[in-house]
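Every chain is named by a letter (A, B, C and D) in the order it is written, and numbering of its residues begins at 1.
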Amino acid sequence: MCGITGVYCDGGSLASNYVYYSLFSLQHRGQESAGIASFEKVVRLRKGMGLVSEVIKSDDLRYLRGKVAIGHVRYSTTGNSSLENAQPFVVKSKVGYIAVAHNGNLVNHENLRAYLENLGNVFSSDSDSEVIAQLFSRYMMHLDLLDALKKMTEVLIGSYSIVALINDKLVAFRDPLGFRPLCVGEISDGYIIASESCAIDAVEGKFIKDLDPGEVAIIENGDIEFVKVVETKRRATCVFEYIYFARPDSVIDGVSVYAARKAMGEELAKESPVYADAVSAVPDSGITAAIGYAAASKIPYIESLIKNRYVGRTFIMPKKELRELSVKLKINTVRENVFGKRLILVDDSIVRGTTSRRIVQMLRNAGALEIHLRIASPPIVAPCYFGIDMKTREELIAANHDLKEIAEFLTADSVCYLSLDGLKRALKRCGRGEGYCLACLTSLYPVPVPGEKCIVDS
Amino acid sequence: MCGITGVYCDGGSLASNYVYYSLFSLQHRGQESAGIASFEKVVRLRKGMGLVSEVIKSDDLRYLRGKVAIGHVRYSTTGNSSLENAQPFVVKSKVGYIAVAHNGNLVNHENLRAYLENLGNVFSSDSDSEVIAQLFSRYMMHLDLLDALKKMTEVLIGSYSIVALINDKLVAFRDPLGFRPLCVGEISDGYIIASESCAIDAVEGKFIKDLDPGEVAIIENGDIEFVKVVETKRRATCVFEYIYFARPDSVIDGVSVYAARKAMGEELAKESPVYADAVSAVPDSGITAAIGYAAASKIPYIESLIKNRYVGRTFIMPKKELRELSVKLKINTVRENVFGKRLILVDDSIVRGTTSRRIVQMLRNAGALEIHLRIASPPIVAPCYFGIDMKTREELIAANHDLKEIAEFLTADSVCYLSLDGLKRALKRCGRGEGYCLACLTSLYPVPVPGEKCIVDS
Amino acid sequence: MCGITGVYCDGGSLASNYVYYSLFSLQHRGQESAGIASFEKVVRLRKGMGLVSEVIKSDDLRYLRGKVAIGHVRYSTTGNSSLENAQPFVVKSKVGYIAVAHNGNLVNHENLRAYLENLGNVFSSDSDSEVIAQLFSRYMMHLDLLDALKKMTEVLIGSYSIVALINDKLVAFRDPLGFRPLCVGEISDGYIIASESCAIDAVEGKFIKDLDPGEVAIIENGDIEFVKVVETKRRATCVFEYIYFARPDSVIDGVSVYAARKAMGEELAKESPVYADAVSAVPDSGITAAIGYAAASKIPYIESLIKNRYVGRTFIMPKKELRELSVKLKINTVRENVFGKRLILVDDSIVRGTTSRRIVQMLRNAGALEIHLRIASPPIVAPCYFGIDMKTREELIAANHDLKEIAEFLTADSVCYLSLDGLKRALKRCGRGEGYCLACLTSLYPVPVPGEKCIVDS
Amino acid sequence: MCGITGVYCDGGSLASNYVYYSLFSLQHRGQESAGIASFEKVVRLRKGMGLVSEVIKSDDLRYLRGKVAIGHVRYSTTGNSSLENAQPFVVKSKVGYIAVAHNGNLVNHENLRAYLENLGNVFSSDSDSEVIAQLFSRYMMHLDLLDALKKMTEVLIGSYSIVALINDKLVAFRDPLGFRPLCVGEISDGYIIASESCAIDAVEGKFIKDLDPGEVAIIENGDIEFVKVVETKRRATCVFEYIYFARPDSVIDGVSVYAARKAMGEELAKESPVYADAVSAVPDSGITAAIGYAAASKIPYIESLIKNRYVGRTFIMPKKELRELSVKLKINTVRENVFGKRLILVDDSIVRGTTSRRIVQMLRNAGALEIHLRIASPPIVAPCYFGIDMKTREELIAANHDLKEIAEFLTADSVCYLSLDGLKRALKRCGRGEGYCLACLTSLYPVPVPGEKCIVDS
C-alpha cells in the first residue's frame, strides 16, 4: 500500500510543490514514510519517516528544484519499516539519474534480487522497489525506454504502478494486469500522474485518463505521449481499492469508489436484511456502505461511534495498567444512539476480527439491545501478494472459521457478509462487473504465486 | 476555546498519564498549545506549542510524577499565540504551589490586571488565565478555599471553568452562570474532572455529574466533596457548545450534543423544506445536523464532500502561484453525488461566509444543478466575549447583511437559517429549552459587557 | 556563575544580534541555559536549555526586534537546572515591562522571597534572580530608578551584577562591593554592557570603563549616564574570576586576567621550586599559570596532556562497563612528553581533588617518573555564597585535609599551593593587591552570612 | 579528511559503544557527518549530518547491536556535502552485507565509476567511497578476501585507509603507499582499528601496531590476523598529518606527532631567527611548533591570541552589517601580551593567507610593534589529490607569489617558512626522515595524477 505521484510543470520550479500537495491527498495510502525527488541537472532527494508534513519542510521544497518531480508515501508490505526502504529510490547509472516511486508488490522479487546480485549489483535496502529501480536501470543501458519497459513486463511478476524520472523525462507505467490504479491529469503548464484521481482534484487539475494495464505515459519537454507497451486480454484491478483502500472521492478505471462502496451496502441490505432501529457504521471506512445499507433498507442512518481524529502515529502507548484504554481513545460511542437500540453495524471488511470484537463489546456496554454486524464485502480467505497488508492465512478469521464461529467470537447477534455475486452486482451497477483481482476472496490468483492456485491454470 | 482536565489517582503516579489520554479527547477544543502539571512535593510542569502528542513525550510523563495532575489544551481568544500564554499557569506563593488551567474568557481582565499590578504583582504573560491564577493565590493568603472562590465570583466577570492544584489538592470550579462545561467522573483509584464527558469515556471512567454553576469539587486524600459556593437563579450554558464546539459523543448539562445537533437539523427541515435529490453536509461539523435534516425531510443523505484528514497545522502554505489550491486540499467533492444533482447542503453555522462561498462554488464546478444552503443555527449577529472565537461585528456576515444579500454572496440558490424558536425547540426536545447564553444570536448578554446590552438590565 | 550582556544600538534592530555574538564570548561563564530579551513596544523573549547556538536560531534573532536587548548564559548555583530558572526574567508590571539578567548570588533570597510572598507576589521559578526582578519592579512602583536601586542595595545581601530593560531603557548595575565584574563599551551607534571585556572585544567595541561597585549605567535614547548610587569604602572583587573563572583575554577592574594568572604561576615557582624535566599544565585552565611557572623557573614548558574539544554536554555517558573511559575521553597524555620524565604539573586550583587524582594516575601510567603538582592558588577552605560553585566544606579537600594527606590522596610526589601572600603579590604586580573577596581561602566573608565569620565584624 | 574506526568486542554488544567513544577522539578529522554500522545477523546503520554527539543518540547505540562495528567521521573532499555521501556505506550483495568506511581520496574514481556503471552497477551517491564499496563487493563475488584486496590495489589509484565489515568479519586495510594512517589496538575482549592512536588511548586500549602499507588486518571470531597483501618498496605517508591534521597526542608510523611538530618549530627557529620579545602561536594548530620555536630560540613563549571554544558549526553567520565581527568572535588578542611588543607569531602552514592577514592586523590593532610570521612547514605550492582540502593552485598563495609578495599581502614585518630540508631534519630527529608524500610542497606526486609530474617517472 503506497501512493505515488509525478508532475511535469513548465514554470517556476513548481513541480515539487505540486507533488507535495498531491501527496497530501494520497496520505491515506501510507503514513510510514514520505519522499520527493526532483530533477534539474541532477536529481535532488528528500525523504524520511513520517507524514508528508513531518518529512518535507519549506527548505526542502526550495531545494527540490526543477520542472519534473515524483513523490511517494509508504505503508510497508515488503521490506521492514526503516529509512533505507523509504522511496523514491534514486540511482546514478550509465544512463544518468533514475528515480523510481513504486506502488505494488513483486511476487518474485527475491529471485530478481539474486539475479542482479549475481551480476554484481548491490543493494542499499531490502525493498522490492529498489529491485525494480536497478533492473530498469540495467535494461535502459542497452534498450530504449519502450523495450526496457516491455522487458520489465516479461520478468516482473506481481503488481507495479510506477512513476519514474529518467533525468528530465517523467515516465508513468502500469503493470499488464493493472493491479494498482494510476491516472493522468492536466494542470496549468503541465501534467500530473497520481495513484488516485483525488490527487488530481487536489491540485485543481483536469482528469485525462486512467493508464490502461500495460500502458506507459512519457512526458518530455512539455509533451505527453501514451504507448501501450504490452497487450493483455485480462485485467485484475484490486477490488480492495474499492472496498476499503482508495478515497471515496476517487474514480478508478471509470468506477466511482463512493458509488461502488454505496452499492455494496445496498446489495448487502438486499441480501441480508434484519429488523433494527438504526443503521450505523464503523468509522471511517464503513460509513459509505452504511449509508447505502440504510438507503436500501429504509432504516435510518445514525452515528453510534465517533472517531478521535487526533490519535496518531506519535501518540505514547498506554502503560500496561492503562492498556485497556487504547481502543476507547480512538473510538467512542454516542450513548444517545446506542442505549436501548437494536443496531445494524456496517463495516467494509474484517481481517482478524479483534477490533470488531472490541467495538461490539463497547456498544454492548453502552446499552445496545442487539448488534447485527453487516460486512460490505465477502469473507477474506486468502492472503494478498500484491500490496494489501493481509499476509498469512493464520491471521484471517474467515480463512479459519465459519460464519457461526465468527459471530460467536465477535459476540454479535448476527454476522453477514456480502456475497461474491453481490459484490460483482454492485460493481457492475457502477460501470464494470469484471476484470478485478478477487484472489483474497476466492483463493484464485491472477498470476502464478508459489503454493497458490493461479486463475489462468484453472 | 480550551479544554481542561484534572485527575486524582491514588496508585503508581498514573495521574499525568490519565490527564494525557483525556486531553486527546479534548484536542478538538484547542490545538495551539498543550500542557500538564502534576504535584508530588513540588509542582512539575511541561507545556509547549502544538498538539498534545507533539508537546508531551514519554520522558515528560515520567517526569510528571504524583497523585494529582491537571492538563490544558488551548486555542487562543485573549493573549497572543505564544509559549508564555500556554497553560497550566504555575505559581509559587505564600500558600505553596498553585497550578491553574482555565477555560473561558474574562470580560474585565484588564481591570483586574491593573488592580493586581497596583498591589505590586507582576505577570509573565498577557493571558487572562494568569490573572485568575494570581488573584486566586492572593485570596488564598487570607481566606479559606471556599471563601476565596466566593470572592472570585464577586470580582470575575465572564466565563471560567477552572481546574487547579493547590499543592496536593485538586479543585474544580465552574462560574456562577456555567458558561463553559465541566464534569466529574470516577476512575479506578480516583476521580477525573474534564471539560466534556467524552474525556471521561476515553479513560473508561464513570460519569458522576456535571458541576452546577457556581459549584466546586474538592478532591483531597482520595475523598471528593461538592460545595455550592454561590447560589444563582440563572444559567447561561454556551449554546455554541451544542451547535458546533463540543464533541457529538459528549453530554453537557444533561443534553446530548449529538441529539441536540440532530434535532436542530430536524427542526430546520420542518421550518425550511425544499425539494432536492439529496441532503449533504459540510464535513465534519455539519454531518449530524444533515443526518437530522435528511431523516425529517425523507430526502436521502449522501456525502458530497470529503475532508482530507491529513492537512494539519504544520502544513506548508501554498506559494502565491498555487494559492487557489488551499481549499481543494482540505475538501473535495464526490463528483458522483454532485453532478446533475439538486443538493441541500447543511452546515452548523456561518461566521464570515468565505469558506461557505468557496464550497458552494466547488459544488457548482462539480456540476450541481441547485445548491440550497441550510444552516442549523440562527444567524450570528453579535460577538462572543466568553471564549468563542467570533470577535467583532465586522467579521460576522449576518451582522451586516440580510438573507438575500447573504445568499447572493454565497452564490447559493437559497439560504435558510434555523430560527431562534426552532433552536430552543430542538434543545427542549433533548431535555432543556432554557438557560443558555444566546448572546451571539440575540445581542443580549447574560453579564454586563461594556458597550453591549445586558439581559438582566432589559 | 553566569554571563550577562546588554546592548543599545540605534540602527536596524541589531541589538539582539550584538547580544547574541557577545554571549558567545561569555559562554565559558555558563553552558546550562541561554536567553535574550529585546524591547520594541513590548518585550520579546527567547530562552532555553543549552548553549547559545543551540537555543537561539535565525528566526529568534528576527523576532527579537528593537534598539535594546539583554542576554544571559547560566550555570546554576541556586535554583535547580530547569527551563523555569533560565534568564532573562521578564515581568509585566505597573511600570511596564521589566527584564532582568543577573550574575551573582543572594545570601538572603529566601527571606526576600518570603517577604514578597507575604505581600501577595507569586513566583514562577525558584531562582534568586526572579526575586531581584520582582523586588525591583515593586520598588519602581513608588520610587524613581536611582532610589529604587539604592533601596535594593539596602535589602539585598550578596553578589549581584545586573543588566535590565525597563521598557526601552537599558540599565546596568553592580553591587556595592563589586563581587562580580561588569563593564561598559562603545559600539557604532550605541553601547554594550558585559560581564567581561572579552565580550566588548568580540563585537569590535571600545572599552569605556568597569562599573564601580554601587554604580549604575543608564542608557536611554542613545545617551549614557553613570551614577554612583551608593558610596562604599570597601571592594570585594571575586578573586576566583582571576584564578579560574574569567577568560584570560579579559581585563577586570584594571587587572589583566592573563597577567594575573601568569604572575600567580611565577610567584608559585619562586615559592615552591622543584627540580624537573618540564613544566606542564592541566588544560585549559592551568596553561597560563604553567607558562608563568616555566618562565620563572627556567624549566621548559611542554604539553603533556591534550584535551578533547568535542566532548560536550550532549555526549552519551558511558555504560557501566565502560565507565572508566570517561576521563580518558576528555583528556589524553602526550606519551612523548611524559615517558621517563620528571614533571611539574600546574593547575589553577583544586576543589574535590578527584579529577586531579585521575590525571596524576594517567601520567603515571604513561611513564612519568615524578609528578610534582603545583597549584597556582591557595587552598580552598570555605564555601562560596556569592556565585562560585563550591558549596559545602565537605566537598573541599583542603577544608578537611592537610598537605601531606592531600599529596597522598592525589598520589603525587609533591603538592604545593601558592600562599595567600603570594597570591596578593601576584595581583599587586598586575595593578592592585587589595579589594578582593578571599572568603573561600580565608573563611572571612565580606558580608554577613549566617554561620560564617564576617570580615567587618572581626 | 576523514576519521575511521572499527571494533570487535566479544561481550555485551559493546562494539558500537566503543566505536562511538573512539569517534569522539577522531572528531578533529571531520565534523560534517558521522555514522556507525554494526553487524548482528544483519547490518544496522545510523548516519547523519553533524558531530558524533549530534548524530548518534542512546537509542541508536541500543539499536546498533553486535560484536563488530565500524564508524566514520567525514570532512568532504570529493562528493558534495550531503547525507547521501555520509559513511559508512552499506551494501547488500551476493556475498552478504558489506559496510565500508574510507579515509582518503581516489585519483581515478571517475574511471572506476564509469567501469562499474558499464557493468550495470548503480550508485546512490557521488562519493568515491561508494565506488570502493561496490568494487570491493564485486571482487568478493569471485575472489577470496586477500585476492580481492590485491585486485583492489591494482586498480585503485590514490589514498585509501579502509575499515569494513563483511558480515561478521572486521577488515582493516591500508593502501600500498600508506598515505593515510591506520593502526590497531587491543581492548578487553577484542580489538580496535583507528585512524590515529589517540582513539586507541581514548578507549583505554593497548596499541599493537600501525598497519604497514599494503597490509590487511582480519578479525574473525575473536582472532586477529595480519597479512601483507602487496609488497611495496616505497612509502608515502602524508606529511600534513604531522604538520597540521593529526592530533598531537597521536603517534603515526612510529613518529610522535607532537615531537615532529615541536621539532619543526625548533628547526624553524634555527633557520629563521629574529629578535623579538616573545614567541606566540596561532591557536590551536600552531601551539606546539611555537613551543618548539621558543625553546630553541630562548625567547619566552606567551599566549597573545585566545580562541573561543564555542563558535561552532551551528552558529548563525553575522548579517552584512556585522560581517567584520566574524574573525573577532573566533579569536581575540590578549592585549597585555601584545601591546608594545615585538612578536614572533608561529603557525603550522598557510593555504590562502586570508585568515593569517586578518590575525596580523588584529595584533597590529592591539598595539604590536613588530610581527614576524614563522611558518613551521615549507610553502604549499601544489594541490593535494589524496584527501587534504587544498584543491587548486589558484587558491594557494605560495603557488602564485614569492616570499616578499606574501609578506606584503599578510602585512607582516617578515615571513619565513621552514625549508624542505628543515622539515626532513625535524622528522628524521623524530624517527624517520624519508617515506613521506611531499607532493603539495614539491609538485612531485607519488602516484600518477593526470596533468601532474609523478615521482616514479622522474
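The definition used in the following text is that a residue touches a chain if its C-beta (ideal position, glycine included) is under 8 Å from a C-beta of that chain, and two chains touch if they have at least 3 such contacts.
The model shown is predicted, which means the values in this text are computed figures rather than measured ones.
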In terms of CA centroid distance, which chain is the most far removed from chain C?
A
Where the centres are mean C-alpha positions, what is the separation of chain A from chain C, in Å?
62
How many angstrom lie between the centres of chain C and chain D, each centre taken as the mean Cα position?
36
Chain B: which residues touch two or more other chains?
none
Graph class of chain-chain contacts, one of line, ring, star, complete, other
ring
Chain D residues within the chain C interface of the complex
11-12, 14, 17-18, 20-21, 24-25, 27-28, 51-54, 56-58, 61, 198, 201-204, 247-249, 251, 256, 258-259, 262, 287-288, 291, 294-295, 300-303, 306, 308-312, 314-316, 318-319, 321-322, 324-325, 328-329, 332-337
Per the contact definition, I'd like the list of chain D residues that touch chain A in the complex.
45, 84, 90-94, 98, 114, 117-126, 133-134, 137-138, 141
